[in-house]
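Next, two complexes with subunit A in common: one pairs it with subunit B, the other with subunit C.
Showing the complex of A and B:
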C-alpha cells in the first residue's frame, strides 16, 4: 500500500524530470564543460557551481552598491563648489561673448575627461566631440591641436591622433580641486601652446541624470580685436573705457588669460560632477542587473536541488521495491 | 538709480546686493564709481575695495582681478577676496610679519616675486582691518 503510494508519488515527480530540465542554464556559456548525462537522459548541473556563481554575483552587487553611495557623497561635496564657480565665467561671456563659430587658423581643443573608469559614456562623448571639432577645423590653412586632461581621453586619443597632441595632464583629482591649481595649469597651457582659439570640451552637469557635452570657446586677444571690428556682440567692447594698466592690448591679454583660467576651473568642476553622477547611475544599473541575475540563479539553484532530491528518492524507491520483489 | 555690486571669486559669491558708491583701486589709480557711470572694463590690483551703503563704509581686500561696470551693474571678478570684518587682526598681523621675514630671506628671482606677492596680500589684509576701525 505504502509502496503503491510511493510509486504514484514517483510518477507524480516524473514530469519534473523532463529530458531537458534546465534550458536557461544550458544556454549560458559558462557551463558547457560541467554538464553530465545522468540516468533518464537528464543533465545535472552541480549545485556547488551554481552556489559559487551566486556568491560572486552577490559580492559584485554589494561592491557596486557601495560604489554608488561613494559616488553620491562625492557628488554632493563637489556640487556646491561647481554651483559657486558658475557665476565666475558668466560676466566674461556677457562682455566678450561666446563665439564657437569664430574662424581661426590655430585651434586648440582642450578635452577634459576622468581618470577612473566605470562612469558610463561621458568620456566617449567628450572624445567624439573633440574628434568632430578636429575634423571641422582641419583644412588647408587651419590646424587643430589637442590638450588632454585625464587618463580616459588620453587612452582614446593617443591611438589615432598621436601627432596632434600637445600636452597631456593626468591625476588632476588627486588633491581636491581648487582655483590655484587650475590657474597654474591654465598658465602652463597658455605658455606652451600657440593658439588663436581655445575650445574646452567637457560635460556640463545639468542634473544627476543628465550630462550635456559642451564646448566653451576662449579667443585670443588678437582674434577678439578682429571680431570686435567686424561688429556683433564684441562690437560693444569698444564702448568700454579701459582702465588700469598701460595699453588696451595688454589688458585684453590679461583678460583673455583670466577668462581661460576661470572657464577651465568651471569646466573641470562640471566634468568632475558629471563623472560622479554618471558613475552613480552606472553602478545603480549594475546593482540592479546583479539583482536580476541573482534571482535567475536562485531559481536555477532551486530547480537543480529539487531535481537531485527527486532522483535520489526515485533511486531509493525503485531499489527498495526491487528488493521486495 | 540703484547701483548693484557683485563680487565673485572662484569659490563663492562674496557680495551681491545694492550699494551707493564704491572706490575701486585699479592698476593705475583709484576710481570712485557712482550710479550711472560710463561703461568701464578695468584690471584690479591687489588692494582695497571700499563700499558705501547709505552712510557706512565697508572694506574688502581683493587679490587682483577684473571689474566691469555698465548699466549700473558692477561685476568684480577676483582671485580671492575677504571682507574686512571677516579678517582676524591678530592673524593678519602675524601673516604680515611672516611675509616680511620671507621676503628678507628669499633667494632667486622666483622666490622674491612670490614673497613680494605674499607681502602685498598680507599688507592689504591688514589695511582692510585698519580702514574700518
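Showing the complex of A and C:
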C-alpha cells in the first residue's frame, strides 16, 4: 500500500519535472518562456501567455462595464431624491445666513464619505478639505474634532488624526437613505459631541461629471446669539419675533438641531449621488483603458502568431531545399 | 493697423458681455464667503476652498417699503418641495401657540409647529395639509418658509387607523414605566388626537 501511495505521488509529481531540462536552462528564470519544443525539435513560439493576458483583460473590461451600468442605475434612483431634498436647507440659510468664518472654540468637522471604493477621488478630496478645516481652525484654546461617516474617510483619517476622532459611523447605505435614519444619526452626534460649530464636509452633486466639495456650517444656539448681538450678518435675527416656548433659547435650540438634521440629510444624499457618479466615470475610463490594452495585446498576439507560422514555413522550406541539394 | 485696433476694441465688449451674465449668479451677501476664502487661501494655498451653501442659493429680495399684495410661500419636506415660491393670499399654520394666520406684511417671526392642519388660501381655493411638526420662518419681505418633517393632504388620512393609533398610544401611556416611554406615548397621543380633530373639525 505504501508503494501504491508512492507510485501515486510519483505520478502527481511527474508533470512538474520538465522532460527537457535543457529548455529550463535556456529560458531566463524571470520571464516566462515563450518557446517550447515540438516533435523533431521544431520550435513553436507559444502564444499562451499573451492569450491568458487577453482573457483576463477582457474579463476586467466586462466587469467594469457592468459596474458602470449598476452605478448609473443607482444614480438615477437617488438623483430624484437628492433634487427634491435641495429645498430643505435653503430656508435655514435664508434665515441664519452662512458663517463659515465664525470664530469658535469647539469645532466639529463631520466628514461624509463612501463605504465602497472604486469611486475616483471624491473621498480623498473630502478628507483633504476636512484636514484643511482642521488647520484653518487651529489656534490657542481652539479644538477641532472629527465625526466620520463612511469607511473610506475612516481609513484615511485614522492614520494621522486618531486622537481627534470622536465618532465613526459606517454602513450608512445598507438601507435606502431616508430622513428618519439621518435624524437618528444627527441626534446621536448632537448628544455625544460638544460643539460650537458643526461643519459638514461633503461633495455636492452638480452633474454626472462634476462634484463640488462643499462645507455647510451649523452654529450652536449660543454662537448664533453671540453673532446676532454683535451685528453683521445675523444682526437682524433679533428683529424676528419668536412664537411659543418659554424662552427664545429653547426655540433656538430646537432650530439648531432641526437645521443640523436637515443639512445632514441633504449632504448625505448629495454625497451618495456624487459617489455613484464618480464611480460611473471611473469605471467608464477603466473599461476604456482595458479596451485599449486589449487592442494592443491583440496586435502582439497576431504578430507572434504570424512570426511563428513564418518560422515554421522557413524551416520546412529550407529543410526541403537542403535535401534537394 | 486699423484692423488690429478695431479687433482690440471689438474684443473688450465681448469680455464685458461674457462677464456680465455671471453677475446675477453672485450671492446677495458674499462678504462671509470672502473672509472664509481669504483665511483658507492663507493657510492652505494649494487647494481651492470648498463652496458654501450661500453660493448655491438664489438671493432673497430685500424688504420692500410698502406691504406687497401676495405672500410668497416655500413649503418644503425632506422628500419634496410641496410649494416653491408660490404666491398666495394667506396661510394658516399650526404653531405651538395655536393656529396662526400669516398675511403679507406679517412681522418677522420664527415659530415652531405642532401637529396640525396647515391651510393655504389662494383666491377662493383652500388646500389643507396635515403636518407632523416643523418650523415656520416669516421674513420681513413677505416670504414664508414652512419646513415640515411630514405632510399629507387631508384626503389621504384614514379615520379608522387614526382611531386605532389613538387607542394604542393611550394604552401605551398607561402601561409606560420610564419617562422616555411616557414621553413617546404622549407624543403619539398628541399626534393622533390632532389627526382626529383635523379629520372631524
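Quick note on the criterion: the second predicted complex is superposed on the first by the 280 of 325 C-alpha atoms of A that agree within 3 Å, B and C clash if a C-alpha of one lies under 4 Å from a C-alpha of the other, contacts with A are read in each partner's own complex, and residues count from 1 in each chain.
Rule of thumb we're sticking to: a contact is a pair of C-beta atoms (placed from the backbone, for glycine too) under 8 Å apart; a residue touches a chain by one contact, two chains touch by 3 or more.
As the structure is a computational prediction, the values presented were derived from the model and not from experiment.
Applying the stated clash criterion after superposition on subunit A shows that subunit B and subunit C collide. Counting the residues of subunit A that each partner touches, subunit B and subunit C differ, and the larger count belongs to C. In the superposed model, A:88 lies in contact with both subunit B and subunit C.
By the touch criterion stated above, A:296 is placed in contact with neither subunit B nor subunit C. When the two complexes are overlaid on their common chain A, residue A:201 makes contact with subunit C while staying clear of subunit B.
When the two complexes are overlaid on their common chain A, residue A:136 makes contact with subunit C while staying clear of subunit B. When the shared chain is aligned, subunit C comes close enough to touch A:212, but subunit B does not. In the superposed model, A:97 makes contact with subunit C only, not with subunit B. Counting contacts by the rule stated earlier, residues 81, 84-85, 87-88, 91-92, 94-95, 179, 183, 239-245, 251, 254-255, 258, 262, 265 of subunit A appear in both its interface with subunit B and its interface with subunit C. For subunit A in complex with subunit C, the touching residues are 81, 84-95, 97-101, 128-129, 132, 135-136, 179, 183, 201, 204, 212-217, 233, 236, 239-245, 251, 254-255, 258, 262-263, 265. For subunit A in complex with subunit B, the touching residues are 81, 84-85, 87-88, 91-92, 94-95, 178-179, 183, 237, 239-245, 251, 254-255, 258, 262, 265. Those residues of subunit B whose C-beta lies close enough to touch subunit A in the complex are 6, 8-13, 26-29, 31, 38-45, 65-66, 68, 70, 75, 77, 79. Listed in rising order, the residues of subunit C touching subunit A in the complex are 29, 31-33, 35-36, 39-40, 43-44, 47, 50-54, 56-57, 60, 74, 76-81, 84, 95-97, 100, 107-112, 134-135, 137, 139-140, 143, 145, 147, 149.
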